[in-house]
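Look for subunit A in each of the two complexes below; its partner is subunit B in the first and subunit C in the second.
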Partner chain A sequence: MERKLLTLAVVCSVLAGLCAVPCAASDSATLTVKGTVGSACHLGDLSSSQIDVGQLSNNTDGTLAAISGTPGTTITGSWCNTGSKITVVASPLVALGFAGAPPSGFTKAVNYTASASGWGSAAVSDTTLGDSSGAESTSHSGSQTLNDPEANAITVNLAAFSTPSSGDRLVADGDYEGTITVTLATNAAGSP
Partner chain B sequence: MTRAAFRTLFSSLALIAMAGSSRAQIAPAIVRAVGSANELCALAAPQVNVGGASNVGSVAGSTVSIADLSDDQTLSTKATDFDVRFAALCNFDHRVTVSSDRGGLWLQGGSAPPTGFADAVPYQVAFTWADGSQALQADAASEGEVDAALDVNRPAFGDIVLHVHVDQGATNAGSGAPLVAGTYEDILRVTLGAQ
Partner chain C sequence: MLKSALAASAAVAAIAALSSPVYANNTSATITVNGTVGAQCSMDLTSQSVSIPDISDSNGRVNAAALAVNALSGGGDFWCNGANSKLTLNGTPFTNAGFTGTAPSGFTNVVNWSLSGTMGTTPIAYDTAHVGGTDQEYPVGIFDSNNPSGQLSADASSDRLIAGDYSATLTLTLTPGT
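So, the complex of A and B:
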């Protein structure tokens, strides 16, 4: 009965800091508190999920127009609490309304370079490799690893538009479309 | 007994911390890139192949002058041939139309010709484009527009080639009829556009 009462008193001291009776003068206790924070990354929201390049062809000879000033889009609120890897994969702009392969000298695909900047000191870029039908025979991507945690906005821009062969004329279509996929992942080799 | 109590407490805290750090799959950000290419047809100025022509006198801009429309001996029509090329482009399914404003080479002005004389010369225009071909018959049966069209169900670029041919002795008053003196004229139009 006495042993049970002593145990109750110690527990009371630890949990509540209260002791109705004086504790033993030489007694001590150590409490180690540990926690774990898992590695995680978060991609924020896109300011716009679409980049409109506008008119792609030259209205004089039907070749690729000089394209500049294409608006970008920004992914805000992204972070990784450890080392990270950002990857960009782009696909060519392809005329979705044009069935089959285009005639010789024409193209239904426009290539470009997509870049993602703001995540680390250097931009990550990927250049599409579509043929005149829009098919890509080689897989490609651009990536970069960061060793430290990062929290920043990522801006996606398109540039360096080109046709599969120089001087290709674009088939008429109101719906050329491609995609840019940005992926963020924890990097096991990074810190902590 | 006291240590056992601590261990129990610590275990509980650690368990809570681990639950808060579970990792989730990160969805990629996908951006659509969009654009468009307008429908476009373009046609350059005509280029007359004088070197391979017969009975062509001069070319000035888009006007081809036949050297001698009538034969000096018969006074009827003298055969004529020439080619005209137009650099062209259409980036969609399209139609090329060749039209004759008057349906033949007709005498400018004047009244009806005397019996036995002709005041018009028929001719043909064979044209090729994008692996297709068509022919316009400007038969001078009556004065008025005639057309010939060729549909091309794909984009194309290159040269539209017109071969203009006038038969020896061809007139609207029968083969070999003499032509009334004067200027004979027609306008050929080449049009590229939607079907």
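So, the complex of A and C:
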């Protein structure tokens, strides 16, 4: 009898032990989801891809006119999602229809300063350095770096028109032309 | 177990795709700037009178030395900015307008003259004996000439000059052209 009781107690102990462990065992795992955002800049749309300065010479003595009120152009919808660098490179207005070098006292080039404002607190500017034949012997540009992301409109304006030598007369030509290139690039030194 | 393996491989694929951004990180725009310069010409000289006290010599004939003057001596700055600019000359001989009728033999009331000079780098010439009263055109192009020279010389003649006031004209016209 005592033996039977002992056997029952052992069985109950075993059953009790089995009851402490669930019959259907659970499991868990943590899955990490990662993503990246690439550094990018986007230059938006130009309100106008052409700026017409109009008549460059005055009607009195043929020298450079006092040019003011030149219309600008705006680049809307530009952004960079990291630090950025904006660069402006301008080329002088040159008489396209005039071949060769102009006679002494004349010029086929008009210099100016192009500025881009709205990207960062300060405007970025570049001044052309054309000689009387329109050639530039020195490369030049204006640039500015921003450490933070930026999204803004950029306005491009022209000012400070000049001739290579003061008092130069401008050769007649119906098409003086120059270009301004604005570039936005990510700045590796800026914020990630 | 199979379902877990599929889910894990899908996540790895998604992560691999995210690590290759497709953005361009450089953008630029080019703006064209245009202007024009119209063709112009100008001369500081609008009207000039060259006075020669006596165009006859002691024998009553043309005083060539007295007529050897710079007809453009009062001129300042002459210039054109167009490659196809031109200068037109038109002159008349010295004439004694106060004398009417026919000059007696051995006398005359007309003195022809020639002009030679340079406008910019273009040689110019005019001879009233041959082209008096008609236009002579010279392609002067782009030039800037301060105080250009237009030297007069009287045509030689054995005739004596009839007394009176003699006058001649020379008209210069600069026409711009690109």
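Quick note on the criterion: the second predicted complex is superposed on the first by the 165 of 192 C-alpha atoms of A that agree within 3 Å, B and C clash if a C-alpha of one lies under 4 Å from a C-alpha of the other, contacts with A are read in each partner's own complex, and residues count from 1 in each chain.
Note that in this section a contact is a pair of C-beta atoms (placed from the backbone, for glycine too) under 8 Å apart; a residue touches a chain by one contact, two chains touch by 3 or more.
Every value quoted in this text rests on a predicted model; they were computed, and no experiment measured them.
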Does the subunit A-based superposition show subunit B and subunit C clashing or fitting?
clash
Have a look at where A:59 lands relative to subunit B and subunit C in the superposition and call it first, second, both or neither.
both
Name the contact category of A:129: first (subunit B only), second (subunit C only), both, or neither.
neither
A:159 in the overlay: touching subunit B, subunit C, both, or neither? Say first, second, both or neither.
neither
Both subunit B and subunit C touch subunit A at residues 29, 31, 33-43, 46, 48-57, 59, 61-62, 73, 75, 90, 93, 95, 102-103, 105-106, 110, 112, 114, 156, 158, 169-186
Please name which positions on subunit A make contact with subunit C in the complex.
29, 31, 33-43, 46, 48-57, 59, 61-62, 73, 75, 90, 93, 95, 97-98, 102-106, 110, 112, 114, 156, 158, 169-186
Residues of subunit C touching subunit A in the complex
4, 7-8, 11, 14-15, 18-19, 21-40, 42, 79, 81-83, 120-121, 142-144, 176, 178
Subunit A contacts subunit B in the complex at 7, 10-11, 14, 29, 31-43, 46, 48-57, 59-62, 73, 75, 90, 93, 95, 102-103, 105-106, 110, 112, 114, 154, 156, 158, 169-186
Help me check something: in the complex, which residues belonging to subunit B touch subunit A?
1-2, 5-6, 9-10, 13-14, 17-18, 20-24, 26-40, 42, 89, 91-92, 154-157
